[in-house]
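Below you'll find the structures, each written out as C-alpha cells.
After this come two complexes, each holding chain A, first together with chain B and then together with chain C.
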Partner chain A sequence: MRLHLAALSLKRHASRTLLAMLGVAVSAAMLLDMVMLATGMRESFASLLSSNGFTIRVSPRGTLPFDSEATIGQADAAALAMRAVPGVTDVAPVLGTTIHVLGRPEPVTAFALGIDPAVQGDYQLLEGRDPTAADAVVASDALLRAAAARIGDTLDIAVGFDPQLRTYSGRRRLVVSGRARFTYLSADDRAAALSLGTVQAMGGGDRADRVSLFMVRTAPNVDPELARAAIERAVPRVTALSTAGAIAEAEKRLSYFRQLAFILGAVSLVVGFLLVTTIVTVSVNERIGEIAIMRAIGVSRAHVVQQIVIEGIALSLAGAAAGLVLGVFTAHYLNSILRGFPGLPDAIDFFLLQPPSALRALGLLVASGIAAGIYPSWRAASLPISTTLREEAVG
Partner chain B sequence: MKRTCRLRLLGWVSLLTVGFAASHRAAAQVIDSIPPWIAAQRTIAIDERLATDAGLRVGDRVVLSPEPGNAIGDTVRIGAIVKGRADPSEVARSEYRVRMHLDHLQRLLAYGDRVDRFAMATTGSSASDSVLHAVNAVAFGFRAYPSRDIAVGTSKTFLVVSRFHRAIGMITIVASATFLLCIMLLKVDERRRDVAAMRLMGISRATVVRTVMLESSFVALLGSVVGVGLGFVVSAFVNAHYQTVYRTPLRFAIITPGTVAYAVLLSLVLGIGAGALAARRLARTPPLTLFGR
Partner chain C sequence: MTATPLLSVRDAERDYPHSGEPVHAVRGVSLEIARGEYIAIVGPSGCGKSTLLNLLGAIDRPTSGTVTIAGTAVSGLPDREATRFRLENIGFVFQRFYLLPVLTARENVELPMAEAKIAAAERRSRALELLGYVGLAEREDHRPSELSGGEQQRVAIARALANRPAVLLADEPTGELDARTGADVIALFDRLNRDGMTIVVVTHDEKLAGAARRVVHMLDGRVVRDEPLLRRA
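Let's look at the complex of A and B:
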C-alpha cells in the first residue's frame, strides 16, 4: 500500500521525478568515480609492487628507487650482508642505465636493466629465454620495433656516448634472447634487460660492483617492516623501503588526486542529499492538504512518514543504480585520460572498481536520501489536522 | 654558535641548476688553480624548505658529500637561502635544492670540465632561430633546442592533468546544470497558486510568463553572484591549502574573467530556460486546475 502510494506520487510528476533521478544519478556517478579514484591508485600500486613477491626495495641512502642516478657501491658486499638478515630469502640486484642500439639509420636509445635472471622481478618473459648468457639481451616490444629486430638477431649496443667526439663507449654485440613485458614501465617504453655483470662491465670503472637498487624477498612469516629495519642496520649506506612504505611515498606524491577525490566526493554527496531533500520537501509541501485528509480518515502518522520516506529511497535507489552504470563509464573515460601520464606502468590504474567501496559509497547516498525524507515527512505528518484541512483542502 | 651538519647532495640535480648560473658567467673555471683554503671558504645557496627542515641559517657550515653516507666531503658555508620558484614540475617532488658554483660541483663530483647543458639568452625570437641554426650547424657534438620545444616535451604530465581537470569540470557542469534545472523548475512550480490568481485577475499569459522568467533570471543572477563569491573563497582556500601542503608559491586555482563569465552565463541560461519552460506550462494550465479544483 505504502509502496503503491509512493509510486503514484512519483508518477504524478513524472518529469520532475525523472530530472531528480538524473541529478541523483550524476551525483552518484561522481561519488562513485571519486571513491574509485581514492582507492584505485593505492590498490593498483600495491598490486603492482607485490606482483612479483618482493617485499622490500633497497636504494642509495636518502633516495627512492630510481629517483636519482645515485648507485650503491660495493654491491656484492651489500648483497651478502642483506642475505644474512634473518627472514630474507632472495636479494635481486638491479642496475639501471641508458643504452644505444647502433647500426641503425639513427641510434635507438633505450632504458636497460642489469639483473640477475635467477631472481629478477622486473619483467615477464613473453617469448624466448632469459639473458643468462653474458651476450644475451631481452627486449620490450617497443625496443624491438624501434630497432627492427627479432629474437635471435644480434644488436650492436653501447652504454656511453661522447657528444664532442661522437663516439660510443662500452660497446658489445648482444644477441636478442627473448621478448618481455617490463613490470614497472609502460608498453611504449623501449627497454632491455641484460645480465648484471654485462651492464657493469659495459659501464667500465664507474659501474663496477655498483647497483641502482636491490629488491628483497622475505619469508611469508616474517614482518617486512622488521626485515627492513634490520637491512638498514646491516647496511647503513642504504635506505630500505617496504611495500607499505613505498605505497605511502607514492600516496604522498599523488595526494593531490586523493584530496581532489575526497573534496569532489563530499560535494557529490551533499548535492545528492540536497537534491532529494528539495524534491521531497516541495512534494510534501504540495501535498499538505492531501496528508491532512489521510490523517483525518485515520491513517497513522508513521504510515505517512513511511510513504514519503519511501519516495526519497526510491529516488535515491533509482539514481544510484543509474549512477553506477554512468560512473563506470565515466571512470573508464577518466582513467584513459590519466593513463596518458608519460612512463606510467601498464599495470597502474587510477580508477579501480572495488565492489565493497562502491557499495559503501552508493549506500551512503541512499542513506542520505532516507535522511532527506524524514524531516519534511515528519513535519507534514505532525501538522494540526483541522487547521491544515481548513487552510489547504477546504480554503 | 655555528652548527655543522652533513648535507646529502644529489649531484645531478644540482649540476643542472648550477649550469644555468655558469652560462651567465660564461666561464668554466680551472678548478685546479683554486687554492684549497679558498675552496674551504666557499658558499652555497639552499632552498628555504631545506633551511626550515634542517634548521639551517645563513652563515652555518655544512659538509657536502657526493654520495649518501660518504664521510669525506667539502665544508662550505651557507651564503644564501633562496625561495623556490612556482614551478609545476617540482610540485610533487619533495627534493631539496642546493645551488653551488659550477667548478665547485665539478670538483666535488670529479666531473671534469663538463656540464649537462647550456642555457642561452638571445635578444628575441628571430635571434633565437638564427642562434639555434648556427649552433646546430657549427658546434660539433652539440644539439640546440628552442626552449618552447623543451617545454612541450616536459609538459606532457601537465597536459594530462589539464585534460583530466577539463573532463572533471564537464562532469561537474552536467551535475550542477541538472541540479540547477531541477531547483528552478520546482521553484516555478511552487508558484502555481500565484499564477492561477494572476490569470483569474485577467493578466495575460505572456505577462505571466515574462514575470516568472524575470523572477527566475533574478534568482539565477543572484545565485551566480553568490557562486562567484563562493568560488573566490574556495579558490583562496584551495591555494592556501595546497601551497602549504606542497610548500610552493604556485597557485593551484585561478579564477579568470573567462571562468566567471562562463559560470554566470551558464547559470543564467539554465535559470531562464528552466523558468521559461515551467512558466509556459503553468500559463497553459487552466487557473482552476492550478488551484486544485
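Let's look at the complex of A and C:
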C-alpha cells in the first residue's frame, strides 16, 4: 500500500516529478563523470604501463623516463648487470632521438627510438617486419604519410641538424621494413623505430654505448619492488621505477584532476540532495493535511516517513538510472574531445567507467535521496494532529 | 449510567499557548458515554467542542485530567501506542472529508486496514462491504475528485468503520454538505447507531443534533448542559 501510495503521489504531479527526476539525472551524470575522470587517467595509465609486461623502467639517476635529454652511459655493462639481478627476465634498451627524413619537398622531423627488436615493448607491428637489419626502420602511419613513403621505400634519414650551417649529420639510407603503432605515442605522432646499434652509430661518439632508458621484465613470482631496489644497487647511476611507482608518480601529477573531480563530484551530490530535499519538502508541505489525517486514522509516524522516503528513493533511483545513461554518453563525448589533445598516447582515456566506482557514486546519490526525505517527512508526521487539522481547515 | 462507560472524561482541561498567554479551550470537563450511545456536542464556535472531541479521540492530550476509552487511559499513552489505539478503536469523520485524493474510494477505505496489516483480499472484501453499506458500492473505483461532497463524506464514514472501531467520532460531518446530502449523512449515522455503533458528533447542525439521543451543550470550554432527547420509536 505504501509503495502504491508513493507511486500515486509522484504521479499526481507528473510534470514536476519528471523535471525533478531530470534534475537528479543531470546531477547523477555529473557525479558519475567526475568519478570517471578521477579514476580514468590513472587506470588507463596503469593499463598502458602494464600492457607489454614490463614492470620496471630504468632511467638516468634522478630523472624519470624521457623526462630529460640525459642518457645512461656504458649501457651494455648496465644491461649485463641488470640481467644478473635475480628475477629479471628481460632488459630492453631504448634510445630516443629526433630524426629528419630528407629528400622530400620539405624535411620531415620525427621521433625515433633505437630498440632491440627481440625484446622491445614500444610498438606493435601492423604490417611488414621488425627492424632487425642495421638499415631497417619501421614507421608510424603519420610519418609514412608525411614522408609519402611505403614499406620497401628507402629513406634518407639524419639524426643531427645544425641550424646555423643548415647541415644534417648522422645520415643513413634506411629501408622501411614495416608499419607500426607506437604504444606510448598518439596516432598523429610521426615516429620510427630502428635498431639500437643503428641509432647509436648515427649519433656518433655522443651516443655510443648510451641509452635513454631500459625497460625491464621480471618473473611473475618476483616482487618488482625488490627487483627495482636490486637494480639500483647493481647500477648506482640509474633510477629504477616500478610500474606501481610510476603510477604513484602519475597520481601526484594528476592530483589536479582528482581534486577538481572531487570538488565537482561533491557539488553534484549536494545539488542532487538539495533537489530531492526541495521536491520532497514542497510535496510534504502540500500534503500536511493528508499526513495529519493519516496520523489521525492511525497510520504510524514511521509509516508516514517510510512512504515519503520511498518517494525520495524512487526519484533518486530513476534519476540515477537516467544519469547513468547520460553520464556515460557525455563521458564518451568529452573523452573523444580530450583524446584529441596533441601528444597523448592513444591508450590514455580521461573517463573510464568502472562499475564498482560508478555504483558506489550512484548509491551515494540514492542514499542522499533517502536522507532528503527523512527530515521533512518526520517533521510533518510529528506536527500536532489537532492543530494541523484546524489550521488546514481554516486554510 | 449503570454499566462501565465506554468513554470517560474526568476533569479534563486543555490549554493552548497563544501569544505567550494560555487559552483555556477545555476547562474541567467530565463526561461519561456508554456503549451504543449517540451524542451530539453543541455550542457556539470556539466553545471547545472540537478540542473535546480530539481529546476523546486520542489525537490530543489534556493539559490535566484523564480520558479513558474502553478501559484504556489514552491520555497517558505515548505517541506510538496512542496511534495504534486510534487505528484499532476509533473511527474519525471530519468536516472536510480528508480523503486521500490519489486513492480510489475503495483504496481510501482500505488504508486503515492496510495499516492494521489485514490481508489484501480481506481488505478488499471488507471495503466493498462498507461501501455497499454507505450506498457507494458502484463507486469503488472513483477518486474523491469524481465524487460529490456527500459521496466523499460517505466514503470517509466507510473508512472510519474499516477496523470495526468502538466509537465513531465526527467533527461537523454535515458542515460542508447541502441540506439533501446532509440528510443522507444524518440518516446513515442513525442507521449506524441502530446497528450498535457508539457515535459522538460535534455539530452546529440542528438536524444532526436533533437526531442524537443525548445532547451535550458547551460554553467557554465547559459543559453547561447534558440532556437526553426524546427519541422516536
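Everything that follows uses one rule, which is that the second predicted complex is superposed on the first by the 392 of 395 C-alpha atoms of A that agree within 3 Å, B and C clash if a C-alpha of one lies under 4 Å from a C-alpha of the other, contacts with A are read in each partner's own complex, and residues count from 1 in each chain.
In this text, a residue touches a chain if its C-beta (ideal position, glycine included) is under 8 Å from a C-beta of that chain, and two chains touch if they have at least 3 such contacts.
Here the structure is a predicted model, which means the values were calculated and not measured.
In the superposed model, A:Lys11 makes contact with chain C only, not with chain B. After overlaying the two complexes on the shared chain, residue contacts for A:Ala296 are found with chain C alone; chain B is out of touch.
Of the two partner chains placed by superposition, only chain C is touched by A:Pro384; chain B is not. By the document's definition of touching, neither partner reaches A:Val222: not chain B, not chain C. For chain A, the partner that touches more of its residues is B, with chain B and chain C as the two candidates. Once chain A of one complex is fitted onto chain A of the other, the partner contacts of A:Thr63 are limited to chain B, with no touch recorded for chain C.
Chain A residues in contact with chain B (one complex) as well as with chain C (other complex) are 289. The residues of chain B lying in touch with chain A in their complex are 8, 10, 12-13, 67-69, 91-94, 140-143, 156-157, 159-160, 163-164, 167-168, 171-172, 174-176, 178-179, 181-183, 185-186, 189-190, 242, 245, 292. Within the complex, the chain C residues that touch chain A are 16, 50-51, 54, 57, 59-60, 79-80, 83-88, 90, 92, 94-96, 98, 100-103, 107, 110-112, 114-116, 159-160, 163.
Within the complex formed with chain B, the chain A residues making contact are 15-16, 19-20, 22-23, 26-27, 29-30, 33, 60-63, 68-70, 73, 162-166, 236-237, 239, 252-256, 260, 264, 268, 271, 274-275, 278-279, 282, 285, 289, 330, 333-334, 337-338, 340-342.
If you check the complex, the residues on chain A that touch chain C are 1, 4-5, 8-9, 11-12, 289-290, 293-301, 303, 384-387, 389-390, 392-393.
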